Amino acid sequence: MIRLENVTKIYNSEVTALRDATFDVAKGEFVFLVGPSGSGKSTLLRMMNRQESPEKGAVWVAGRNINEMPDSKVPHLRRNIGNIFQDYKLLLNKTVHENVAFALEVIGRPKHVIRQQVPAVLDLVGLTGKEDRFPHQLSGGEQQRVSIARAFVNRPLILLADEPTGNLDPATGEGIMRLLDRINKTGTTVVMATHDQRIVNMMRKRVIQMDRGIIVRDQARGVYE
Amino acid sequence: MLSRLAYTFRETGASLRRNITLTVAAILTSAVSLFLVGGTFLVQRGFDNLLSKWAGGVQMIVYVSPTATPDQVTNIKSALESSPTVVDVGKLEYLNFEQSLAEAKRLLAADPTTFRLLNEANLPTEFKVVPKAGQLNVLVQLANGFAEVPKVQKVVLARDQVEQISKLRDFVQTVTVGLSVLLLVGALILIWTTIRTAMFARRREIEVMKLVGATNWFIRIPFMLEGLIQGLIGALMSCGFLLFFNRLWTNGVVKLKGDNGFIALVVSNSFLNLVMLLVVLFGMAAGAIASGVAASRFLDV
Amino acid sequence: MLSRLAYTFRETGASLRRNITLTVAAILTSAVSLFLVGGTFLVQRGFDNLLSKWAGGVQMIVYVSPTATPDQVTNIKSALESSPTVVDVGKLEYLNFEQSLAEAKRLLAADPTTFRLLNEANLPTEFKVVPKAGQLNVLVQLANGFAEVPKVQKVVLARDQVEQISKLRDFVQTVTVGLSVLLLVGALILIWTTIRTAMFARRREIEVMKLVGATNWFIRIPFMLEGLIQGLIGALMSCGFLLFFNRLWTNGVVKLKGDNGFIALVVSNSFLNLVMLLVVLFGMAAGAIASGVAASRFLDV
Amino acid sequence: MIRLENVTKIYNSEVTALRDATFDVAKGEFVFLVGPSGSGKSTLLRMMNRQESPEKGAVWVAGRNINEMPDSKVPHLRRNIGNIFQDYKLLLNKTVHENVAFALEVIGRPKHVIRQQVPAVLDLVGLTGKEDRFPHQLSGGEQQRVSIARAFVNRPLILLADEPTGNLDPATGEGIMRLLDRINKTGTTVVMATHDQRIVNMMRKRVIQMDRGIIVRDQARGVYE
């Protein structure tokens, strides 16, 4: 489903954030990305939806080299990838409902579908009753959950989750993890960067560990360590 | 398709309301800019009117009594043509009743009451006389002679009333045309920078939309509609100003009335309407296009 | 204190560079706005010049030969005062050599070569004559009589050259003053909305500064300095435009030269400099104050 | 040092984020605030530097009722309170160095002091070499550490930390906790909202637990539970 070949990313021709990263993620797999702060996890995820382009190497998603894709095809690619951003990236001028609905409007879903699916998804992440709030009227964890809801409301093929439980208490975080697991079981490929030792150890999925831009471990059914 | 349309309108409406600072700024800027542009067109037209009677080097106008028969008009024409060394016969022009009426209509735009009193029985027709180069002084000496020809009602010389204004003619026209162009460019710069700044304030919003998979046009169209609406409202406000100041101006000029020809400085309502229509169209187009282009600057994610 | 100053300048410099979009927008807007304001002042002054010779109802000017002795001047004065029913004696005004020279300097601003030729031996002094109400026609009849008085060089009647323009006087003045005020208000609105929008784009920055413990003035002063610099640059650009268009205008008017008085439409360089100085001061003040006020709007955290 | 008396906070006259909260924090104390997402932890912290005002009750800081303080005194109050915000609140137009230096410039420290203290603090949080980066050129955890550095560079009396380790890997997070502990030992009062079970259980400090705006537990040497 996703394939990185010798990917190197250098910011401003001086910061090497990724060095020669190579790995495959099969369809339906669940992968944890772990590693210290600044080791390149977010950069790796940003490679996979063409938010950044590699200086060397190639990124393949669903059989296509996304760096050779014309710009006009990129929206289509991104619609098939749900993205939970580390800094949420909510639309500050839109309410919770509108933020989540936006992902459906982008793919042209009719109004009645939106009116039915958005509340259902908001219920799953525990935000019922907060539909009409703006992001600045939410707590940190609530904003994070809006971002989660938006990422999978349109049932994407791939879900890229950057630290999706960083601002959640353990109980809520576990709920979200169960949700991601369920989504994964329906066939969605999930790649998740996390610092949450407990969750990684509990789930026992494949773990890719990074250090200063290099993949230092790639282990099936791994732990945080 | 229908849902796309509904989306666009909802999106635009919400955006206008929620970015009220930016909306107000864009509207005020376009109102001021468009008012300046529209105003210049009106001033320019006023001067044009004032000068058009004396356009093309006309230095003498011979008014013919409305009671003159066609034969008598021919006589006057012959009299004028009898001095081919002084009068430029090729440029001699006769305005019959319809043409004189049309001219009066334009010059009396501010004074429809007077205009309505005009009819075939009281409106003189006119010959416009251009002298040969260097023969102006001789023409002036001949003027009294022409006044004696039967059925000539009045002979008016440019020198008496508007020689100076006529001299200013090309100059004023250059200045007002230049000013219009300048203000048009200024208005465009103002609208553009306002919209650009507003987009700058919203660049993160645009970036997020792109990351969620929106196409460029999906993002751009609501912004363009927003710019169009802001341009429209600004243009309507500027039309309000234009109407108001045109009224002031007209009243001012009408009070000046008397024997002078300044009444011609007033523009007709149909011209005013044309200018307002252009201002509205220009405002909408500038708003939409500027917004679309400004948004594109931040679409490259 | 010194470190505070250093901080302020560094802060301002960095901000101007890093918010280049907003900086350019603010500068362009103030350049366009200030140009409009400055331009109106110049146009207004030009008209004022043109009309000032005929200000206050002056309808006749009696030019006195430069060779006239004081006694002869008194004689002329008596002659004028001998018709108190026609001439408004209270408003009778005599310009001696210095005063006539001052007037000539103003009217000949565009033509310093001619002006330099003037001296006590060739510049006539002048009486400005205002008729009593309703006595204009009688005054016109008396004009030839005054021309006979010894040492009267020339008698000029308003009717001949500028009666119409004189009639337009109050009107044009009202219009240009109104226009200046309008454009000033417009310029303020434009500068204000641009800065307001720029601040809106930076409201989060201001909020964070407050939360870290910055006082309102600590935040406001770099913003005001920034506004001042933007206003200054905009004003200098608009001065460039003013110089350029004044040159165009002057050249245009000078080409019109001849017997007409339109040369007076040109404003003196000292007036131009004054206008530019005012534009610069106004630009700096408007930029600084508008920025300070706009920032305050977001200081309330 | 800090005293809340029956504090009630209602947003938009409908969301009750805090209900009748009363507690004391002594000078030099270290307090953990825990509770599920949306339970009012951030709101409570925002009360203490007058970022929000209570609908009922009073907040005392260093012996003064801060809600009756004139606006002009608020900057002075905030300079004595270091704040690590949940969303970092970095100045996006300033570099890492300038962000941290800003907290010193605000209190009028001379340039040579700034030039000496800022690098020292950046070193403590592990950001040496990244001084000239802008926030958008940093990883999530690095941004969080800039926020931490800014909060204590001017040696405040009180440190309010909202989820300061949310985006840090366990090792870096532990380093930051040791740092906070050291700062606390020099006499600074620390109030920290966190979801990090492991850290709370390890430190064994006072724990205030919240649930839907109500303080449900206030325990010395407590655990996360």
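All chains are identified by letter, namely A, B, C and D, in their written order; residue positions are counted from 1 within each chain.
Keep this in mind: a residue touches a chain if its C-beta (ideal position, glycine included) is under 8 Å from a C-beta of that chain, and two chains touch if they have at least 3 such contacts.
Bear in mind that the values here come from a model prediction, so they are computed numbers and not experimental data.
Participant: Suppose each chain is reduced to the average of its Cα coordinates; what separation in Å results between chain A and chain C?
Facilitator: Taking the average C-alpha coordinate of chain A and of chain C, the gap between them is 65 Å.
Participant: Report, in whole Å, the distance between the mean C-alpha point of chain A and the mean C-alpha point of chain B.
Facilitator: 59
Participant: Between chain A and chain D, tell me the centre distance in angstrom, where each centre is the average of that chain's C-alpha atoms.
Facilitator: That pair's centroid distance is 29 Å.
Participant: Among all residues of chain B, which ones touch two or more of the remaining chains?
Facilitator: In chain B, no residue touches two or more other chains.
Participant: If you connect every pair of chains that touch, what shape comes out? Choose line, ring, star, complete or other.
Facilitator: Its topology is that of a ring.
Participant: Touching pairs of chains, which are they?
Facilitator: A-B, A-D, B-C, C-D
Participant: For the complex, which residues does chain B have touching chain C?
Facilitator: It is residues 21-22, 24-25, 28-29, 32, 35-36, 161, 164-165, 167-168, 171, 174-175, 178, 186, 189-190, 193-194, 196-198, 200-201, 248-249, 252-253, 255-256, 258, 260, 262 of chain B that touch chain C.
Participant: Can you list the residues on chain A that touch chain B in the complex?
Facilitator: The touching residues are 49, 51, 72, 75-79, 81, 83, 85, 89-94, 98, 102-103, 105-111, 150.
Participant: Hey, which residues of chain D end up touching chain A in the complex?
Facilitator: Interface residues on the chain D side: 11-12, 15, 34-38, 41-43, 86-87, 137-142, 144-145, 162-163, 166-173, 195, 197-198, 224.
Participant: Flag every residue of chain C that touches chain D in the complex, lowest number first.
Facilitator: Result: residues 3-4, 6-7, 14-15, 18-19, 202, 204-205, 207-216, 218, 301 of chain C touch chain D.
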